[in-house]
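Order as written gives the chain letters A, B, C, D, E and F; numbering starts at 1 within each chain.
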Amino acid sequence: MTLGNHKRTSNGSIIGQIATTEVPRFAAPGTFGLVPDFREVTRADVGILGVPFDSTVSYRPGARFGPEHIRNSSRLLRPYNPEADKWPFLGQQVADLGDVAFNPYDISKALNSIEYAVSQAMEFAPKNLILGGDHSISLPVLRALAKKHGPVSVIHFDAHLDTWDTYFDQPYLHGTPFRRAAEEGLLDPEGCTHVGTRGGLYGNTDMLEDQALGFMTIRCHELHLDGVQVAIERIKQRVLDRPTYISVDIDVLDPAYAPGTGTPEPGGMASWQLLHIIRSLSGLNIIGGDIMEVAPAYDHAEITGFAAAHVGYELLSAWAPIPSHGEMKTR
Amino acid sequence: MTLGNHKRTSNGSIIGQIATTEVPRFAAPGTFGLVPDFREVTRADVGILGVPFDSTVSYRPGARFGPEHIRNSSRLLRPYNPEADKWPFLGQQVADLGDVAFNPYDISKALNSIEYAVSQAMEFAPKNLILGGDHSISLPVLRALAKKHGPVSVIHFDAHLDTWDTYFDQPYLHGTPFRRAAEEGLLDPEGCTHVGTRGGLYGNTDMLEDQALGFMTIRCHELHLDGVQVAIERIKQRVLDRPTYISVDIDVLDPAYAPGTGTPEPGGMASWQLLHIIRSLSGLNIIGGDIMEVAPAYDHAEITGFAAAHVGYELLSAWAPIPSHGEMKTR
Amino acid sequence: MTLGNHKRTSNGSIIGQIATTEVPRFAAPGTFGLVPDFREVTRADVGILGVPFDSTVSYRPGARFGPEHIRNSSRLLRPYNPEADKWPFLGQQVADLGDVAFNPYDISKALNSIEYAVSQAMEFAPKNLILGGDHSISLPVLRALAKKHGPVSVIHFDAHLDTWDTYFDQPYLHGTPFRRAAEEGLLDPEGCTHVGTRGGLYGNTDMLEDQALGFMTIRCHELHLDGVQVAIERIKQRVLDRPTYISVDIDVLDPAYAPGTGTPEPGGMASWQLLHIIRSLSGLNIIGGDIMEVAPAYDHAEITGFAAAHVGYELLSAWAPIPSHGEMKTR
Amino acid sequence: MTLGNHKRTSNGSIIGQIATTEVPRFAAPGTFGLVPDFREVTRADVGILGVPFDSTVSYRPGARFGPEHIRNSSRLLRPYNPEADKWPFLGQQVADLGDVAFNPYDISKALNSIEYAVSQAMEFAPKNLILGGDHSISLPVLRALAKKHGPVSVIHFDAHLDTWDTYFDQPYLHGTPFRRAAEEGLLDPEGCTHVGTRGGLYGNTDMLEDQALGFMTIRCHELHLDGVQVAIERIKQRVLDRPTYISVDIDVLDPAYAPGTGTPEPGGMASWQLLHIIRSLSGLNIIGGDIMEVAPAYDHAEITGFAAAHVGYELLSAWAPIPSHGEMKTR
Amino acid sequence: MTLGNHKRTSNGSIIGQIATTEVPRFAAPGTFGLVPDFREVTRADVGILGVPFDSTVSYRPGARFGPEHIRNSSRLLRPYNPEADKWPFLGQQVADLGDVAFNPYDISKALNSIEYAVSQAMEFAPKNLILGGDHSISLPVLRALAKKHGPVSVIHFDAHLDTWDTYFDQPYLHGTPFRRAAEEGLLDPEGCTHVGTRGGLYGNTDMLEDQALGFMTIRCHELHLDGVQVAIERIKQRVLDRPTYISVDIDVLDPAYAPGTGTPEPGGMASWQLLHIIRSLSGLNIIGGDIMEVAPAYDHAEITGFAAAHVGYELLSAWAPIPSHGEMKTR
Amino acid sequence: MTLGNHKRTSNGSIIGQIATTEVPRFAAPGTFGLVPDFREVTRADVGILGVPFDSTVSYRPGARFGPEHIRNSSRLLRPYNPEADKWPFLGQQVADLGDVAFNPYDISKALNSIEYAVSQAMEFAPKNLILGGDHSISLPVLRALAKKHGPVSVIHFDAHLDTWDTYFDQPYLHGTPFRRAAEEGLLDPEGCTHVGTRGGLYGNTDMLEDQALGFMTIRCHELHLDGVQVAIERIKQRVLDRPTYISVDIDVLDPAYAPGTGTPEPGGMASWQLLHIIRSLSGLNIIGGDIMEVAPAYDHAEITGFAAAHVGYELLSAWAPIPSHGEMKTR
């Protein structure tokens, strides 16, 4: 039986992307980066897990359609990353784990479902990239990670601190995951940092409270004025070799680069800055990552989706082994 | 291992849609109507085959993204069709066969790949719904069908005749499939009909030539003036119990209803008219069907996608067995 | 002090729309139909109350931005309705009551807030038009109405029945308000009707259960085939002179006419059909009305907003007194 | 020298559209219907004149980009109109006269420039199709026509009456052209009619005043309820064989069919209704026509543009001679 | 009576934004930054005045919908500005003054109405932020300001000089306000500057003439090459402590950051650059400001609106008093 | 006869743009930059040739509508370029040569048609700016140029190398023009360079192979980190005074700046960087240039179109003679 457009590299191995020399990219199945579906493999080095949950957003909803959108936009990713000199899809087994199922009307239950799914994913693949969904998702992910790794460092790219306390009496929201995580002891208070924060706050104590939770902050105008290299150094010195989680709210990008999100904030990063910083962190001890708050109803021409897909590409590249440097071409 | 959002009806059977009471529709995998992927079943009664080929369009391109778009928009389809009193997903095994792979730069090779894939699909499932792609695809589908069924009747919903001869010396184009099919003896010259044709032609002989190829025509203004019931009767009397292929160019709908297409033609059908007519043809001997020319770059709010998905829903309903009428509810 | 663009009709009365001969419509404050803000008057005959609540939607979210969107699109409404021979803004005191405040993360609390706000509104103005928001809102509105009027008839324009039971264990959702209302005894079981229903269901018992709750149904294809006059007669004979609530889910319109909604369903009504039917019901004993499920992120060119605003215009016209027929012009 | 994509029919004649068998439609120069630019011919039977003037609109501006937009959307028009059995581009010499130049900041001067340009156009081609621009343009067109033909009948397709008096003290606006025309004696008071009027007015005297100016009205709901044939008969009996001007405000279509306009009004016509009525008027003594109020910034997928282009196609077909009925094909 | 969603800070004071902990931001009334409507207070420190006038634009119209759009996008602004260490809404009484009413068909009359309204506004609040509308509006604003302050310095952020002379014989246009202002003696010829100018001119004398009118120019490529700090210093040294008006044409941003405008010019500023420069000018003697040329029909995902709202936020922050630095949090 | 909106500068000369002081820009004919149509002049210094060919794209199609779109967006270009101190339209005779006609279904034939048309264009005007269309077009352009100039240097602005070998067995594609050109000896192997390259490759040998074909590469992150001046110097030192062709794939810009393209790649250039670099190359020996891959279906608010038009403006400015520096103004 030869049905289906699932052909992969010629040697029959399931590793790598679909054979794009035989299957047009627009004909390929909708996994992230055209990697195998988890049912095609028995284990993986890296899993991609979608979490289409957006019940806690405070303004423009729609991040529930984020995972599908990022996957669609990831079809243009190619096998070799020259800046990193890595093969993110061929140097390691990557698999798309599908989406988590959950109860969209019960935040607590949903967070539990997500935590459970992430734990399952970690059994299938030691490292996972989570595609949101709204930022409340990072909490159950950190719970699952901390169970295995203990308190972790977080490098948090976001226009917002996401360390608010409650809103309408609700503790588990897209603006609060890192306060909850800190309170639950999931974070290493010496190793966390925000990058790209900007815009208004609810009080002049917000930054102090945030600092008390264990975060350093590189505000976005600092990054623009001082340059990305300074930021990279500050981040590296903050997290050192701690087990580190990279959490990317796509709204860390300026709305010009990422219109498809729920609480856009002008003055943000350019896509090259974000991609370059993440690429430069590849030597760190990264144990997981996420890309959050992509809301496709507000995207156009998929530009937010493409940016998010490339963030994922750089994270996968960070995880890929350094190649033995023989020459290789895939077409 | 419980990874993944692929749970189906509680009895463990793979038949039917994903369990939408446990998996939010926006978290479901991207198969048409949330049915199983072909790899989850060993055979099917009905296959859904995507053909993202649009190399022969003459104006606005982009139908290559049609299959994915229709699948996305089909996630809202529900199990019971009350107008038809049918269970399109539960009364029969439906499976999504993925997309055909082909060479997008060589029309002849691509049409051959499509014909071969359809033949394979027909071994997997006796009836198939083809999601295009541009209308040139209907030719290889008819080739595959005629091999098995002999010359077939075609009920062709389209703003255009698609029986042009050549354009820029090319015989195999989205405006020519039914002339080629007639020339190749794939059509029953007593049993074909166009429905919804309108707009300008290249000559006052076009209709005569078309008639000579075996087509009756219900022009769109006739349908508007005489009503759908007259059209239904005319179609039924034309095709009788012949093996019949239903080919739907989404541009048979007015651009208000289907903006996402390549050669829109005002004056077209309303979606209720198209859906009602197809629903009324369910007693015919339908051996296959297609939905063509959905070009998502020109769609908005998925309205073209939803219309196309519902056309598919009515076709699947036509194929579903008449239920034994015990009461059943799925949630 | 003459600041502001709030001038109204020349006689100084606050009744009526802003003076559009002196204030360009695009410069007018954003009340529905340019009527006074509730703070400008001490009471009203008709109140307009926004409820930007959409926490219970099951697919595309965003109806939280509906009230603002409908108000924007209502700025083109003019004072005299010739088909109805009514002055909807001048024949009665209309006032915009602003939006309800609520907890978006707690469905039960939010429904209580809405019920309380509607009760307050009913003290300010005996009749109210509710702008949603998602359709779960109709339940607290009916609770407030039934307290005053006893069980009411509902004329429910919608592609869907909205009498589902639960979904993910939640009883109060945008698909369940009328089942809950029936269970709570808020509905007159002899006088309710759905209009425009279409598309798939979850079981072949759905219609039976719905009927048992007290609803007649005019399915959308019946309306298309039999014409609006038959529907109007059937509705009138169903509700007679009972106190009647008109609930309009904008998705009763075809997606071509109302793309800006969360669960679009092809095969729907044209805007003229909906407006004509509502206009024809003006003699009924209408005690309240709502317009639900306008999701602006999926609208374009405000066409959904304009349709919704005109639905409101016909409802206000139904409530306006029959004029004494002296000649009047407002510009 | 063979530069350029301006090849026409093989016999070297300049008549007709560009040779679409040699020039892809998307490569063709941007004249209406791919006809010659006026500089390529010395006279014409029919001229197409763009008037990108929108300084008098009262709500959403942007009809200044209408002529260009309609021309773009007219590239899909084909040579033979089967419903009419006419060759609109080959049966007569059609030429695109370009756009009028005018002072956009001085309404009176602009109207004079337009009148002068139309007069010039009438010397070049006896019949002209005017592409607007806003509806104030119809006044100078009627001035130019009346100079030659005396008072004319107007068949006015529009959601609005356009016989308002003044607005902000300005007499020459897109809501007033036909009152001014009547006052100036340009209209035959026995032969004018509105078609498709709907929505609110400024007073219950508006219709009476309108009637006094010489207009019959077929309101849009009448057209929907009685059908197009009744309307066609009423129009024909109204205008008889008087010299008749057909003025089409694209907002006569429902916003679903024509979102790209400035003052949309739900409840409108479907495109097939408008096209069928205009087609059915081809035997009248039509001396000119216009298509107004296409505002591309609010269009999507060009659907408003395509509708407008087809209105023009039917008007050109009305003017084309009845063919001698030899067979002809152009490809 | 507790109707309405107008609750503010708990102490009952009307100062500050609506209580966003009780009123979801999407439920809040549409004032700029959720501040009080002018009718709720008797005076203010800062007024926000909308001027939806766009009758003088030369290319894409639609800035008439700018004030409403900016207000909508301002709902995400939060109370504390950490970069500035200011409380723009709580440190001072801000009030939304609504929109100016004017005659859209008579430029001179409209400018007079605007000047009068601004004078009135200045009696209500000493400082005002004007939301346009097209740039011609700056002239009447400067007239009103100069009456009180004498000739003022202008810091003019714009892609264009706006010191053209006339166009189609009209002197008062969106390209001419600062030439007129200079001619009328409203500007301090030693203290004006353009920032961000780029793109083509009508002559090589334009810059000389502009200089003669009193303007220094920081062209946009200089700003990109030299960095924002150099620009900030140059601006500060130019205006010193003169009474200064900050006029921001949103097209000073690159079209990527501000697509929603009428005459976009590539090569522009990033939003962070604009926001940072304005923030850095907070110590100047700013007597008023405006944000012009936001044309929502060309915006998407509100990105232009958000950028404009944040420009307003920084201007309000500049006016807010330096806090006494006790800790304060608003949620 | 004074029909038409084709007036140019007052002295009657055909040189220069249309008289924008008499013809509103939105009323102007659709030539690039409002220059004359080639039929209005007998020769030109610079020709603008559209090539609406996109049959070789590998992902999102639609660049066939690129030339028309760029021309539309070029209507805002003004006569004097102050950064360059050049008069691109008045200092030299520019003419719009229309679009090439070709067979869209036969790549080889189409490339031949394009080469022939470019050769013809070179007889009409020694220098030409080509508007694509997809990047395969650069090959026939280089063939025509090399016939006259011998092997040329190429400065290639693009996210991609475009030196792939084949794809689906096809050698002539939008990803291969410069490999083919090198193989055919059309390129000077000492003088070619890529600028702005980024994103994934198919193998770690791609860069080596590319280098062997004669290209230096300035990857995009280098440009961001090192600044534009370093890049300008490297480019100049690479090409020296060789005859040089500048080929601009609009996707060299970040998707934020150029969403309207087929294979967007985040991390790209800002528009000011691209425009500044091209402007700085004006002293080179530029013999031709192109702007490719503008796909309007994915553009919004014309921002991609405006960017492309300005790239053309800088190229034309490079070709314009250095003015004698007398003062000149055109309005």
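Throughout what follows, contacts are C-beta pairs under 8 Å (C-beta built on N, C-alpha and C of every residue); 3 or more make two chains touch, one makes a residue touch a chain.
These numbers come from a predicted model, not from an experiment.
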Query = Counting one step per pair of touching chains, how few steps separate chain C from chain F?
reply = 2
Note = Contacts shared by chain D with chain E include exactly C, F
Request  = Could you pull out the chain whose C-alpha mean position is farthest off from that of chain A?
outcome  = D
Ask   = Using C-alpha centroids, which chain lies at the maximum separation from chain B?
value = E
Request  = Look at both sides of the chain D and chain F contact and report whether the same residue positions are involved, with over half shared, or different ones.
outcome  = same
Remark   = For the pair chain A and chain E, the C-alpha centroid-to-centroid distance in angstrom is 37
Message = Nearest whole angstrom, what separates the Cα centre of chain A from the Cα centre of chain C?
response = 42
Key: Overlap residues in chain A, where contacts from two or more other chains coincide   = 24, 26, 58, 64-65, 104, 167-168, 254, 256, 270, 298, 300
Query = Which word fits the touch map of the chains here: line, ring, star, complete or other?
reply = other
Inquiry  = With touch defined as at the top, which chains are paired up in contact here?
reply    = A-B, A-C, A-E, A-F, B-C, B-D, B-F, C-D, C-E, D-E, D-F, E-F
Inquiry  = Which stretch or stretches of chain D touch chain B in the complex?
reply    = 21, 24-26, 75-83, 85, 228-229, 254, 256-257, 270-273, 275-276, 300-303, 306-307, 310, 313, 323, 325, 327-331
Remark   = Listed in rising order, the residues of chain A that touch chain E in the complex are 58-59, 164-165, 167-168, 198-208, 219-221, 224-225, 254-256, 259-260, 263-268, 270, 298-300
Residues on chain E engaged by chain D in the complex (per definition of touch) = 54-56, 58, 60-62, 64-65, 103-107, 167-170, 173, 297-298
In the complex with chain A, residue positions of chain B that touch it = 1-7, 22-24, 26-30, 38-39, 50, 52, 64-65, 68, 72, 97-102, 104, 117, 120-121, 124
